[in-house]
């Protein structure tokens, strides 16, 4: 019995909890990408940099707040900075749309042109962000680190295995649930949200119904930027903020969005968790886990790993490519991907 | 001030092609300012530029010549761009020598394609790949970073003394990490120890939970982290502590620094490791100097200071900035005999050399050059106690 | 070529000449060399995108395969490693090939759920079998003097041959990728190829037995003599005496010019072939396919096959460029292949130059590489000037200047956006020849 | 509403000996929509068969299945006695089945002449090796192809536009160009999807003449979808009527025009009672 | 003067003119039908009335107000409503949400209008929670018309509402359209099924090559021998 509990705690601690937090971060990122895809119909390669930009503002705002002695101990000050990050990202993204994307929208440019334009935006943002904050690691976490630490858990339960839950992980999950709740409420229940779905469904008919295309696009960018800022800040809070990291996040985020079905918010969330848990569970070494639940003689000598962690990031791409080949419309998209 | 001057100089050189500034010696600082290790580069550059400024301001260097640094971006991911940047430093800016490059890959490319053909001397503060020991360098390439092979043996000794028989090992997935991990693993296993897992981690990623999960599952009394203290290495230590996977960490040279203690906090107490250095206070002095100049002495920042200092001292000793002449003096100023020189004492050293004396440059990282122009590998065994790096002994 | 096509080339060569005169000739030549390699890559993408409308974001992977070809062709074999693990690796390879053949055969014979199940089963069996055979072999190979070799080595053949091999490697990979992914619509194809190229690079980074992984292969043989050795030759001494430049500079310029010559030949051949293909009935057919796939199909053209051909050809060209680049660097460093540099930058070249036009892609590559390299010093200069008012000791100014190298991203992005906005068809637009 | 389809099937079987196209039990679902349901029909060799029916009756879907653009959910298509079900369009082209499109599918960046020149299959210059290394052989064939293209442009009265980008042509001219493409090779059967849509009456008359000449001089079999009953009546025999994805009737134009079921479903019914009492 | 009057419209999509002095009219409670051969410019005329096409000449008035230069969206708020031939519902939205989107521009309570639509199309009330994409073709057309009615338009424009539906459904749709007209709305529609459409039309327009070829009451056009021969197939 105790062995089984130990096994459960072990896998929760090393796979489920981190997977959940990572999944939340991917899901938030994928939601932003998928919203833009649904409304503007292109894959926004600059989304990773938007996350980075939001997180950067959060870092600055946190520093200013900290300097002025503002805090909400035991929670991290960054939560107070989040509104600034969201606002800043929204303003920046809307400015980008005004200066860059709007032109191509009016031209009704090809999807590929939009993708390349977004790559141009990605270049500019990548440079600007590094230029402003520098390429270094920035730590802006403060407050209580743990909800429960591994040591405390062991002392408390007397189990051999510990279970650590970081404050930032809890915040990540809670914020994600709130953000997603708000988003889904917005999309399903509000007039504006419904008009956005309508626009995503059928652009021409939406225009005929008096839905202002410009306004829908504006809202899509706003939501996408806000989600990006939240995702970026949470990621930076849970790990640490460094511009380069976000460049690497774009592909797993695309993978999440595509696996779920590009353009489907529900799919984006599901995709985020699928990618996150796949990465964690496929590269997890089950040796110790099996040690608890199997008789001693059955325990493998090796690490009992499906795939070395060297290939952790390849997991996302393999799932991505497999999805594209087997079911290009994604898991949660009824319409064909054409 | 110095940076902006450097910028003006480099651009002026670019645009106006003025080879002038006769009494001005330029030193190239070629590091990966953009790319995956971009966050390490500024502190390393600052280290080198600190030494350059010190020499320049002393007024003792080669009959009062001034020295200015010129930066170049070796990117770490693009050998082509690195070579071009080095080519620009050497042939257009006319640098007398180069501090760099940063990553072993870029270093090899620059050495073979720009430095060797042009006869320029390079001292890398950070390239540790064993492959660089055997590369054809015509006596023009040195490095003040310690050799990975030596470090592995020292670490294995320490592990044995601590009675460790099983250890997990993770390394940053580049030539430095991989080479170091291999040498640690083979040295430790020769002594009868077991490496339960030898797994890589990527720098520049945010999330290391999967890596730590694998390490934890493999088990071991301690975790050896052959990485960088402000890159993946820190992430691994943090994630391992957070999840309670390991309490004690073995920290090779790339991981020892105040930054790590600052970032991780008291949980790091009880971890131990090694750091290049002999019985000298160079590192502390350098740390203070860096703080006074407004930057954090990151990884390889002391080595960069030493690299620049060695180049300039060698020129002083040879009385020339001609690489063919002064390349022979690098080893002699770095090693005995002579007066020991610590950071901040470059003026003194220049004066001694000018008067025909000898110096034994110790510097911030206790430099001792051996064999093919590499650091001898004097190490300080350190242990972290009460949030401080305590030196246990020297090896 | 009309004036609009000649002018950008003229300006570019003036820039190179200016660099030579103002900075140094060896710098000018080394920039030019990378420009030439970039142009070959851009031609590869132009074949796929400009001719056929295929979006290939996997440039990075094909470049890396080209680099691998240099290692496997030109570096010296390691007999100890072959003894230790060669048979194991070959056996594993055999298992994989057998599995693929078996899977294809099963796929033909069965249908529906049976097919899926059997093919999956074969894949799993092959994976297990191959790893069982491969793991000990790999361990043995990597144990052979890991700091210097630890891999199987190459065939020890002339390095120039590896350029052809690079093309073949890339073409082989492209064939497999194209077979499975070319049916996807544009943006999915882009993301799929990007994903596949990440996987290719991940394999090169982590499989040390193949090409030393992150430990890099250095000191690859080069087709040009070493400068230091050259300076000791008699002919060189007499040449150096006859010319009014220093012997060091002469040697570097000569070697770089040698590379330039080689690259120009390759670029010229590929350009010639590409132009000739474009204005032949084959090119007419490709443009028809790009304009309207459905109609081209109805007019008897096998669209799938043509897409595959052009995807393979374009990728082969990129592979050749990858091999050329590794040859020029003299080393293979798998850890350095990054999408931003090796995929997106190449795309920027093609778009800026003018997709669909080979001359455009070429000159786009020239300009973009030149800007990419020179943006660093120019960016530093501009920021320095722009922040003068902050005062010499301002920490803000200091911070900005120390981050100046990052300006190259901004410059590149802004140039791309400006071209897309104001000259969407590029510097030299696709021409209509009737 | 729909008349018993069995007489149609019977006639299909009767005509089997000289059938160019035989369609047997063809069905196609799109998602939940049943676009074509169990259609069987025959297009006789040497006929100009008209296919009419209300919008959405499944005519174009049927065309697209026969031409290989869609794979049928069920059923078979035979071309000249050979089962060609599910073959891709380019393979059908090689077997002599050509088609035009409802919305003109010109190659917009090619010149008008190139639009024609690209058609002939197996040109030596379409193989890269020849394009690169055997310019002589390529040029020789190019001359011949070009001559033929110019002849056809002449025939179509498009000569003055030979070097124009095809994308710049008017809708009617594009339709002519599409028809011209089918003349570049010897076809067995040509499917014309609403060749008259967007074409003025004069041009339509020209197109009609072209079709008749090709039919008479080259022995082409035609099958055309058209809404213009005049046009149909002038050219076609027999006429097949489709409605709701199924064949409703088949016969001579006169028979069709007076067929009750056809009038009911397509041409228009008798009087309504509910009319006119609004407002 | 009629509530909707499009006077001598001339214009096209940028290239050559497609419409030539085309005039259309519809009044409250009236059904005006545009018929003609393919390519005659029927749909183009419809688009021109709704402002989806730039007119070179001519003028469109709604209840006497000149709307010629207005964007389609603005015309919707002025009281025009348009049902496209295809893609005329939001497939992933429920029936009720479709109707709600129809009344998007309205600031007042739309519940009453929605109830009216449900009265008119009882089947929609049954399926109000179902995504419109899952409905049958005829039901989808009803959703489309219902959506257009949500703005309480003065003029309802239908582009081939019966395209692709079975004769029975067509019958029913026409009955519904007559019901809609009875509520006092002017209806302008394009129809392929010329005979049936003209039977219910108060006004009929036969277009040929972008011009008014014949204009009369539906009844009269049906009786006109030349029209029958040329456009109705005898």
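The chains carry the letters A, B, C, D and E, assigned in the order they are written, with residues numbered from 1 in each.
In the analysis below, contacts are C-beta pairs under 8 Å (C-beta built on N, C-alpha and C of every residue); 3 or more make two chains touch, one makes a residue touch a chain.
Everything numeric here is computed off the predicted structure, so don't read it as measured data.
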| item | value |
| --- | --- |
| Chains touching both subunit A and subunit C, listed by label | B |
| Subunit D and subunit A - chains in contact with each | C, E |
| Distance between the centres, which are taken as Cα means, of subunit E and subunit D, whole angstrom | 31 |
| Subunit A and subunit B: spacing of chain centres that average the CA atoms, whole Å | 36 |
| Centroid spacing, where centroids are CA-atom means, of subunit B and subunit D in whole angstrom | 75 |
| Centre-to-centre distance between subunit E and subunit C (centres being mean Cα positions), rounded to whole Å | 57 |
| For subunit D, residues contacting two or more additional chains | none |
| Overlap residues in subunit A, where contacts from two or more other chains coincide | 130, 134-135, 308, 310, 313 |
| Graph class of chain-chain contacts, one of line, ring, star, complete, other | other |
| Touch relationships between chains, expressed as pairs | A-B, A-C, A-E, B-C, C-D, D-E |
| Contacting residues of subunit C [partner subunit A, same complex] | 55, 180-181, 184-188, 190-192, 194-196, 198-199, 202, 205-206, 340, 344, 347-348, 351, 399-400, 402-404, 406-414, 416-417, 420-421, 424 |
| Complex contacts: residues of subunit A adjacent to subunit B | 13-15, 18-19, 22, 130, 134-137, 139, 145-146, 149-151, 153-154, 162, 164, 166, 235, 238-240, 242, 244-245, 248-249, 279-280, 283-289, 303-305, 308-310, 312-313 |
| Residues of subunit C defined as touching subunit B within the complex | 21-27, 30-31, 34, 37, 146-148, 205-206, 208, 213-216, 218-219, 226-228, 248-249, 251-252, 255, 325, 328-331, 333, 335-338, 341, 372-374, 376-378, 380-381, 383-384, 392-393, 395, 397-398, 401-402, 404-406, 408-409 |
| Subunit C-facing residues of subunit D, complex | 67-69, 88-91, 93-94, 98-99, 101, 105-111, 113-115, 117-119, 121, 123-128, 131-132, 138, 141-142, 145, 163, 165, 181, 185 |
| Sites on subunit B touched by subunit A in the complex | 34, 36, 38-39, 41-42, 173, 197, 199-202, 204-207, 209-214, 216-219, 230-231, 234-235, 239, 242-245, 263 |
